[in-house]
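So, here come the structures, one by one.
Look at the two complexes coming up: subunit A is in both, with subunit B in one and subunit C in the other.
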Partner chain A sequence: MITYVIRRLIWAIPFLFAASLVAFALITLPPGDYVTTMAQTLAESGDQVDQARLAALRARYGLDQPLIVQYFMWIGGVLQGDFGMSFEWNQPVADLIWERLGLSFILEFSTLIFAWGVALPIGVYSAVRKYSVGDYVASVLGFLGLALPNFLIALVLMYIAVVHFGTDVTGLFSPQYRDAPWSWAKFTNLLAHLWIPVIILGTSTTASLIRIMRANLLDELSKPYVVTARAKGLSEWKLILKYPVRLALNPFVSTIGWAFPQLISGAVITAYVLSLPTAGPLMLQALLAQDMYLAGAFILLLCCFSIVGMLISDILLALVDPRIRFR
Partner chain B sequence: MNKFTTALMGGALACSMFVVGVHAQEFNEAPEFDTQVAAGELPPVEERLPDQPEVVTPLREIGTYGGTLRFGLRGSSDHNHILRLVGPQGLVRWDPVFSGVVPNLAESYEVNDNATEFTFRLRSGLKWSDGEPFTVEDVLFNVNDLLLNQDFAPTPPRYTADGQPMSVEKIDDLTVRFTFPAPAGSFLYDLAMPLGQHPVLYAKHYCSQFHPGYNDDVETLVTQSGVGDWQSLFRQQCGDIEIPARWGNPDRPTMDPWIISSPYTGGATQVTLVRNPYFWQVDTEGNQLPYIDELSADVAQDVESLILAVIGGNIDLGLRHIDSISNRPVLAENQERGNYRMFAANPGGGQYMTIDLNLTHKDPELRELFDQKDFRIALSLGMDRQEIIDTVLLGQSEPWQLGDFPGSPYYNEQLSTQYLEHDPDRANELLDTLGYERGSDGIRTLPSGRKISFQIDVIPTNTPDHVDILGLIEAQWREIGVEMKVNPLERSFFFDRITVANAHDAAVWPNNGGALVNYPTKLVPLHQDSRWGIAWMQWYTTQGESGEEPPEDINERLDLWEQIRATAVPAEREALYAELNQRAADAFEVLGVAKSITTYGIANKDLVNVPDEMPNSWEWPTPAPTLLQTWFYKTN
Partner chain C sequence: MANESEAAALPILEIDGLVTEFATSRGAFRAVDGISLTLHRGKTLCVVGESGSGKSVMARSILQIVDQPGRIVEGSIEFNAVRGSDRVIDLAKLDPRSKIMRGIRGRDIAMIFQEPMSSLSPVHKIGDQVGEVIRLHERLSKKQAKEKTVELLRKVEIANPESAVDRYPFEFSGGMRQRAMIAMALACNPSILIADEPTTALDVTIQAEILALIRSLQTSSDMAVLFITHDMGVVAEIADEIAVMRFGKVVEQGNVFEVFAEPKHPYTQGLLQSVRDLDRPSPRRLEMRQSKPLGEARLISQKVRKEFPLSSGFLGRKKDVLIAVNDADLELLSGENFGIVGESGSGKTTLGRCLQRIYNVTSGSILYQDETGQSIDLAPLKDRELKQPWRDIRMVFQDPFASLNPRMTVGQIIAEPLVTAGGMSGKDIDARVRELLDLVGLPSSAASRYPHAFSGGQRQRISIARAIAPNPRVIIADEATSALDVSLRTQVLDLLLDLQEKLDLSFILISHDISVIRYFCDRIAVMYRGRIVETGPTEEVCSNPSHDYTRSLLSAVPVADPTKRGTMQRLRYREQA
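Up next is the complex of A and B:
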């Protein structure tokens, strides 16, 4: 297993290199650069920008250099652990990213727990009690959850909250805790706000997991080993949980692999709408503003997370399901 | 001293006489400062204020202290929103109705007759927000060590005349003089605009630590911060007029009414500004301004969530981002629920959309076509402007060509109102006379047999309405046998194609108005916004090195513009402008469609001293010159 992990990690290096090159090319592909984009964005709000200062900025940021030179300036820094400065904020990219990533992690983790916690029992129930009233209710809710885009649920919920209840469901903290250092009170405040985005973000994952669980379990339930076990007199719930459910769990474990890149790219639009202080909106902003180093760092991290996530889910899969072997 | 400055000096003098009266009485301060003074954390208010603080008369009533002004910031490129609230605290500022400049950090000023020497007398005893004195030395530092220091950044053109930079000298401890090598007629206006704050932007005692001329060890700081060079470090710590970092460092001293406490940084979710204890204005009863304790903004990513916050009553002041025509019904409908009222923001002039045909087109056939005044007149007559206004602009504008609105000293009736009527018969007649016969599909043809067909470039994301308007015009022009195609472009392509390559047939753009401060880009080819004469503009801005030489008439207008720039006397400026307007009116180069429209912002119902209407512009950075420091909450 150790050699397997090492081999996978070594393969990751050329992949990351290629990914960084593609990422950088994609970021610089749209016409113009950070400076023109900034000037245009300000112009849309009626502001004017000093042309002389713009030219100086472009030279300072090296935007007048050929693309390949800019790439090596960037990747050279990254290899030394320096992600560079954000053009827009004059702040180190690393600070900006880590600040947001912590909250992304909490949100993503909570959403995953929520989705599993809800999907697992409901999925098992709908499979075992196929075509019961409960199964139909779960199925309808599941289809609804799959069909409704998360950001739409967010918008509707925000509107209802503001117009009918006079409250605000955006953000992750009350105003007095936003800039406060971490404390127990801040943590409980976070929990008080967290459930809304967790439910909004969790609906589609939960819905799809319910469907997957139900389908997988139904496949297993009719297999001969289940009949055998039942014939041997094993209690029904113990039987189901110990054998078929364990096999049906594989897709759940695979979702861990997706969860890692979701730390950054997860639910960008929903987080944008809800003004959540997570990594997604910052990445979108950086891409829109052509803030190259910030956007580049995000995309590079996204690739790293994908690689690590897939590796972890492969390992877990092998641990959960003895039929799967490392090769 | 000329007439212009005498009038202004008179105002300043009256102001300072008033101050003497106030000085005898006691000054008051916010309760929070009372406590701090009692605890010995802050010097008493008399010592914090200048010797003679500027006395501001509030618009309606004397206020009371307290409250938070909540506004909505977006997560990116919204730093100028903060600037528009605290205001550019320069040597001079605009008056609240945008009719001229008044002294600000300077107590008075003098301009010599040919507008080459500008002498400013600073208020005595001014202090930065950390309590350090504001002096002539700060001005010298800003100008000599940064503004004129090419190592830091190129000198912006408004601090130069005839291509040569201005110079600055200290006359005495409170007086400073700027000298230009040639007349700089609009320098006072420039100083009142947001971009004119450079001479007093940075506090020497703080910012000089990031300057190699004052700190030999600046390299160490550069290495520690990892920014690469001292210029970047300086901008990171002390900001610049228009970069987010200006609002990113709470330690940077300013002269603003409120100072940053929760900074606007990349990850910020909330931005807060708190009262400056050393702010240098008082009201007529000697109460130190500002009245309102705090400015506070949630950082929202999405404009829709800003609107929602307005409806929910979570915003006390909003104009930027939310004032589009399509939002107006929603905002008007929810005034009760959101506890706000609406105020009007009026553009001083200008057009919602102008159509610039490329008169320097690289294609000789199209160029010859566009070059005919009668062809342009036919296009203008072929447009049904009222239909456009009624359908796209909800009836909120009126047909207009170019130039300022009536009431402005720069108004020219012919320039603004010629050929506005919808008269397809006459348009057809004109085109027939020009000899363009209709083909079988109803579209007219050029003598070569080529169809009269051209594209109009537009950026859909900038002003989505423009695409709708062009759609209507497309159909209207088809009636007179002219084929026009709408060409929506991504904004950077738009700029590459037009400003760099001059490869467009025609383009549309909103045109800012107000001749007091605006470049007349539609009358003279001076700027990238002069999309009707890009090649001439290039020739003018590069002093003949690139582009192509303009025809005689345009050359004379360029000369007129140079004269206007060098004239500080309003009456002379107006006379020169009148001639420029008349020449442009006779030439009829650019087609206007409709007047710029008045938009509406929202203000909390309990806020007092908010004007019911105000100018809307960047040069007069709405709403700052109405002096937010005099606004307050009245609770019944």
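Up next is the complex of A and C:
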């Protein structure tokens, strides 16, 4: 088990290196750089563009160096926790992203808990009582949840909240806490706002989890070991929860890894609609503005989270399934 | 005292007029149709029947664990040994989910199943699964339950029971898993043990050990055993009473010696006849060899070796290999039937696939003499160069259900090798398919139907038709009769002999079943752990084996004659390290 983990960790290193190369290539891929974009914006607003000044800017940011040098300057900084400066915000990238990522994490984690908490019991019920009224109701709701885009649900909920209750459901904080430092009051305020995006973001996940759980469990319910357990004299629910549900859960563990990249790229549209201060919208903005160090940091983190997520779910899978562990 | 002997004489379980139905969209299907049986303390009742005869459903009806949507609609199952009560309880009247029914399951009546792998949960430890029954029915602490579990595992002869409790089923061999299942069933000293084909998935040597174990446990605890099987040899070995089932009904029951000596029902007679037929060389084959002696060598395997990489070590470094076939030498003559016998994992299937060159061989050569008399070594050839040899050497597989594509018609399936070979017009192919169907004894109307419309035996005929389509010269039949009921086995083997007479064919029959080999093969090779330990004419090897392993294998095969019970000395083979 330990050698397995160590081997996987060692394997992660070349992958991370490759990911950083790809991330850097991606941000330098579009023609021009941040200075050209800025010059264009200035020109559009009628300002004089002084070529010498632009060149000075380029030299200051190292943009006139060959790409390979730029890469090593960048990655060297990253390894020391310095992601560079954001051109657009004029702030260190690290300061910009960590708070956003923290909020993304809280949102993502709550959504995951919500989705699992709701989906698993419903999925188990649907499978055990296959073709019952309850199963049909769950299936219909599940399909609805899958078919409706999240941002549409967000819009509808916002409309209802504003028109009928006169409250604003956007954002994660009330206005007075938005830029305030962290405090207990700010945290409770966050919790009060959190449930709406959690429900909105959770619907499609919940719906698909219900379907997957139902299908997994239906496969397991007809296995001979269930009959064996029944022949032992176990009560029906106890045996279902102990044996087939335990096995039907295994595939879910591998989906935990998928949640990690979602921290950055997940639910961008919904986050825009609800104006949530999470990582997704910021990344989109950075990409549009060719704010290369900010965008690069996001893309690099996205890749790293994917690799780390997969690693974590593989290790978890080995923990819950002895057949994998002993191979 | 008088009371006790009276109680012992009473049947422990009395099934009367039991009917179990499955609701289907086309009305109810009666899987069990009015069965009456009695079970006595310390006795073994064997229920025999072919697949689909309803024997498993009957057994599950007793514990009310029939799969949905099956349910008992009529009859009674009177059980008179409920622990702590002297009442007689009708199990058929109980609610399947009731507390009293659950109390009886596992405590008073326990059950073991056919597939020891899938019947145990793969992610729970052995100790957990066995100990669960004890904790469920007896008030014991976790520690006491664990101690009792260790004791049980020791009782069923599992090595190192203290460490075995903390291991998972997949770390055990098939025989060990079945022992763990038995330990689980015996946990609460049940008065009835229901065994549903407990040895069918096991090798004969392990089967013999499990049967001996069940017998010894039965005598020490006066337990009644209801044993379900399709194997007449097993019945002869262990039964006191026998009940023969067909189409959900019991066609004949009685004392095992009487039924074997004088079967009354024609179905029982046929069943016993087909078992006895298989126990000797086919007279048909002996006759054929008289009129047409065997020719020269057609397929020669010289020191064929096949290794599989077992694990790629750290960063892909080659660490270990499994030697599946270890320098196998054999020679198949033209017009000969050659048998390869061995237990699971002995490498017989791998050898068969190497000979056809579906697998690459690690070393050695496979000399094949083609129609023109030219000898080619198949071992080093590339796929491209193997086209013709692959047409000449064909395979028939074990599972007639999985080896036919369910979305192709029978005609398409049989025509496929002809179409790939090319050079035939559509009309010619149709004519050839009809001819082939006729050869294997199926009507030409079968061509337009799909495999699911056929029974197991008919499907195996379709597989054979597909194999002989491109006029092959060698057919490798890998366990081709193992998935079939006994009465069908001789039919399929006779069909193969028929074809041999009409066409110029040599057969390699791979099987774990000595009786099938004895009936069909002229010479056999016995395989053990990748090595051919003995080769020779079938009768000679069977009656006078020279290798110790062959002797132990033959001594483990149950003989379908209850009067010979206990006369065979069981030999165990242990390879010298």
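By our rule, the second predicted complex is superposed on the first by the 287 of 327 C-alpha atoms of A that agree within 3 Å, B and C clash if a C-alpha of one lies under 4 Å from a C-alpha of the other, contacts with A are read in each partner's own complex, and residues count from 1 in each chain.
What we mean here is this: contacts are C-beta pairs under 8 Å (C-beta built on N, C-alpha and C of every residue); 3 or more make two chains touch, one makes a residue touch a chain.
Every value quoted in this text rests on a predicted model; they were computed, and no experiment measured them.
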Quick one: is A:L288 in contact with subunit B, with subunit C, with both, or with neither? Answer first, second, both or neither. first
Once chain A of both complexes is superposed, is A:D168 in touch with subunit B (first), subunit C (second), both, or neither? first
Looking at the overlay, what does A:D179 touch: subunit B (first), subunit C (second), both, or neither? first
Touch test for A:L317: subunit B only (first), subunit C only (second), both, or neither? neither
Between subunit B and subunit C, more extensive residue contact with subunit A: B
On subunit A, the residue positions that both subunit B and subunit C contact, one per complex: none
Subunit A residues touching subunit B in their complex are 30-32, 36-38, 40-50, 52-53, 55-56, 60, 82, 85-86, 88-92, 96, 99-100, 155, 158-159, 162-163, 166, 168, 170-171, 173, 175, 178-179, 272-275, 277, 281-282, 284-285, 288-289, 294
The residues of subunit B that touch subunit A in their complex are 75-78, 80-81, 153-157, 195, 226-229, 231-232, 235-236, 240-245, 248, 262, 265-267, 269-270, 272, 296, 298-302, 304-305, 308-309, 311-314, 320-321, 337, 461-462, 490-493, 495-496, 512, 616-619
Subunit A-facing residues of subunit C, complex: 60, 63, 65, 67, 97, 102-107, 110-111, 113-115, 118-124, 132-133, 136-137, 168, 170-171, 181, 184, 314
Residues of subunit A defined as touching subunit C within the complex: 3, 7, 222-225, 227-236, 242-243, 246-247, 250, 320-323, 326
